[in-house]
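In this document, chain identifiers A, B, C and D correspond to the written order of the chains, with residue numbering beginning at 1 in each.
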């Protein structure tokens, strides 16, 4: 069950294959080093933007911080172009989940040239850290991440029914409170009242808007008890799903990525992608203990 | 196990049968189109009322919005009368769950002629969207919706015991705080103190009323820990119920509606209603893939 | 397995037996009527005290409400004395759970002669409504009530460990915030800071005290995430307990009460109390359908 | 299966063995008395510091309270030195979990000579009460404590994935609100906005910072619903873990402590530590009923 990898496909050879392996996969030493360096860069760039937003720090260090940001953006731009260059279907990468995140990580810096306020959105870059699990305790975390995602996907219909129900309740209750309390008590419009209804049903309770009339307070009390008890429902859904999942073992995947559809996690001995059927590029790796 | 449908009952023939099928059932193309159009109309009418409540929008667009509202109300009134006309027992429809909602969806517009503030209650109309699941992924959502309802119904006794217990606790604790803190600290009467107790036990915590004395703060601390831990109980009830439900398969129902008792979801080959035993009207449908 | 009841014990005969059956048990028509009347009286008396606390109502109706309160207190006092008179061991009743509640239901009115502010504590009387389940759907509710109590009792050790842990966390975190923020930011003493820590960990979040320094806000953030995740633990305990309980059927009990130890719920054919072994008084009842 | 204990190892004899048994183990009468006295002392010392922080009490009793604190600190210092003296590897004790807590319990008093504000941190001492379960209902509580810890450890990967996800969400959402609302609405910097995002997602909702713009309120609503539903995930993880744990029985442990690695809970008849393999010191105990 362990055939040797085939000849690589014509287009993915030489330097392109090497770069591809480093960037997209993490089973070689260079691949892992790349991932770790990438994470450090992402964290630093986010820290730079965050620090720049604090008035005390901005006053003194704005210029160096701004230089650092342009440095990071340059690095990430080169990396993004490298990804586009070494993948067989650049468009498919650009529209995949991670591709979109990688693009959103770059745009704010350029956007800020036109719209200064968008500048802080560089922090969206932190979503790139979703790749982080490929470096630490590789197989185990990928398994857990999938297990969580699987439980949520399997319950998605129940969750949808539930959310739709909640939406309707907050709209009706919010309108009711708008009619009962009125703009002079803070409930200035139906959208505002719905915002209040959501803060109340989710038990956040900011307190920026509160009911003043007795009838309003009575209706609020009913809503609070309803919201409190309703929290039980999504919890029950997800828990029941997880409890029934514990009998399905998952084989340890690698970071091996299909060049056609970008699905990760193929078995070491696989020759074809289980998702789209395309031929997989040769798997370059260095053996190490799985711990 | 698949007999051909019988002759329709005498009263439900011709145009009445046709209209009945379009309005109440969704297995024909016309039926599905009707449902989709209905949903669009409901959402639009709710959006109109919501927009009209925002002062900025009201100032400029009140007149067109008001015309739109009367248009929607007229359409829904005609639809409601059509329902009453094609159902065999109009009174039973009018008093059923959906019948009451359909009526409440109409009343506020007329009521607003007498009581302008009731105007916004038109949003109650959004509850009609509970029918929405008959259009999208039909069988699956109806099954999930029922599964959720079934879990709640089966636990209803435990939930009732629990709610009664909570009611007693907030009344006693609220009274205690009223005695300890007193009106000068915001606890102006027992009902007000009970309202505070509910905001605290449900962990909403508006902050419009807060304890000032040390004894009051101590009692609050006890209540908060109690409320926090008590949330575990309804969650446990519903979860245990759901976990034990996962062994009961449900056959795929249709939207077929009994003309006598308005129960939905009869099997395609059924000849009699499983709820009241009446003879079911012939099932007009166009075959399509169940996906 | 259905022997006829024996001769009643010497002390419980005649009028005493009759009164005992009416007050303590609810399987005769007179017994059920008594329970229902009792509940109505309790609810009315609580409503009277609650109304009397609202300034608007108090201004106009204080005198009639006060008369009504003395009437109710008189009735309950007579009932309490009747209970003491017909039970074999008055002291055991007076110190049992229900006995203490019944006494606490009476005391505030008398206490208010000395301490006017204690007056409102009459509402403690509402705890007497814990008996309410003997009237409505008798067996089912008693079963559910016990089932809930049983789940909580079985998990009591885990819950104790958990609560002790929470207590320690709020004390340490509260002290930390007291040191970091200091009295000038609202954290005036360690007890006050612990109160704040509890409002934060239980996610109530009144907002009467909030951290102002950056370090304080950072520590708060950690606490909030900790409290949010910690809620999972008691929920998990109770749920796991409930899920494992569903295999134990309970036979339908009656309200039959042991005259020695006041344990309720003996089987119709029982001759001896399962809790203390004493001989049970004859069971007077009228047959009715269990529905 | 119950061999007699061997000769003690050379270094642990005489008075050292006696003191070791009293301090570290709780199966002799002297050992239990020591533990109980220790708990009383810890509670008292914490109460003294807490009382000293309340301005009203401090004004009158500061001097006696301060004397009491030095007394307690002296006692605990002597006890700490005794522990170091009687354990075979003092460094291993000093760096173990309980060793660190015991040291942190002493430091604040000395630190306060240099930094008066650190004074209140003496309350950290309360963590020493984690030893409390060795006194009350010994075996049962240790079992429950371990069971809880075991459930959490087994789910640690899922919990880590979850927490990382939450961190990313609050950073992105906080930044978004910073851009949308801006400093003039209270969102003065990205760290402040992240703090707000955490108070909102955990449903604490202090209300010291609230969104004012409509877009900001809309984004908050989405966050609140997200946070509300996300609470289901850690609950599901822990519950599923606990439910599957209930089939593993644990034998009743003692407080017998390994002299090498300080692991507690060895069986009465054990001769070697199950954790590190070292020979266990003789087990001195007085027989008593296990209840």
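Criterion: a contact is a pair of C-beta atoms (placed from the backbone, for glycine too) under 8 Å apart; a residue touches a chain by one contact, two chains touch by 3 or more.
Note that the structure is predicted; figures quoted are calculated from it, not measured.
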C-alpha-based rotation, subunit A on subunit B, 0 to 180 degrees, nearest 5: 90
Farthest-lying chain, centroid of Cα atoms versus that of subunit A: C
Cα-centroid distance, subunit C relative to subunit D, in whole angstrom: 33
Multi-chain contact sites of subunit C, meaning residues that touch two or more partners: 191, 203-207, 231, 235, 237, 239, 243
For the subunit B and subunit D complex, residues of the former touching the latter: 203-207, 235, 239
Of all residues in subunit A, those that touch subunit D in their complex: 46, 49-50, 53-55, 117-118, 120-121, 123-124, 126-127, 129-130, 132-133, 137, 140-141, 144-145, 147-148, 151, 159, 163, 166, 191-192, 194-195, 198-199, 201-208, 231, 234-235, 237-239, 241-243, 245-246
Partner subunit C, residues of subunit B touching it in the complex: 157-158, 160-162, 164, 168, 171-172, 175-176, 178-179, 182-183, 188-191, 200, 203-207, 210, 214, 217-218, 220-221, 224-225, 227-229, 231-233, 235-237, 239-240, 243-244
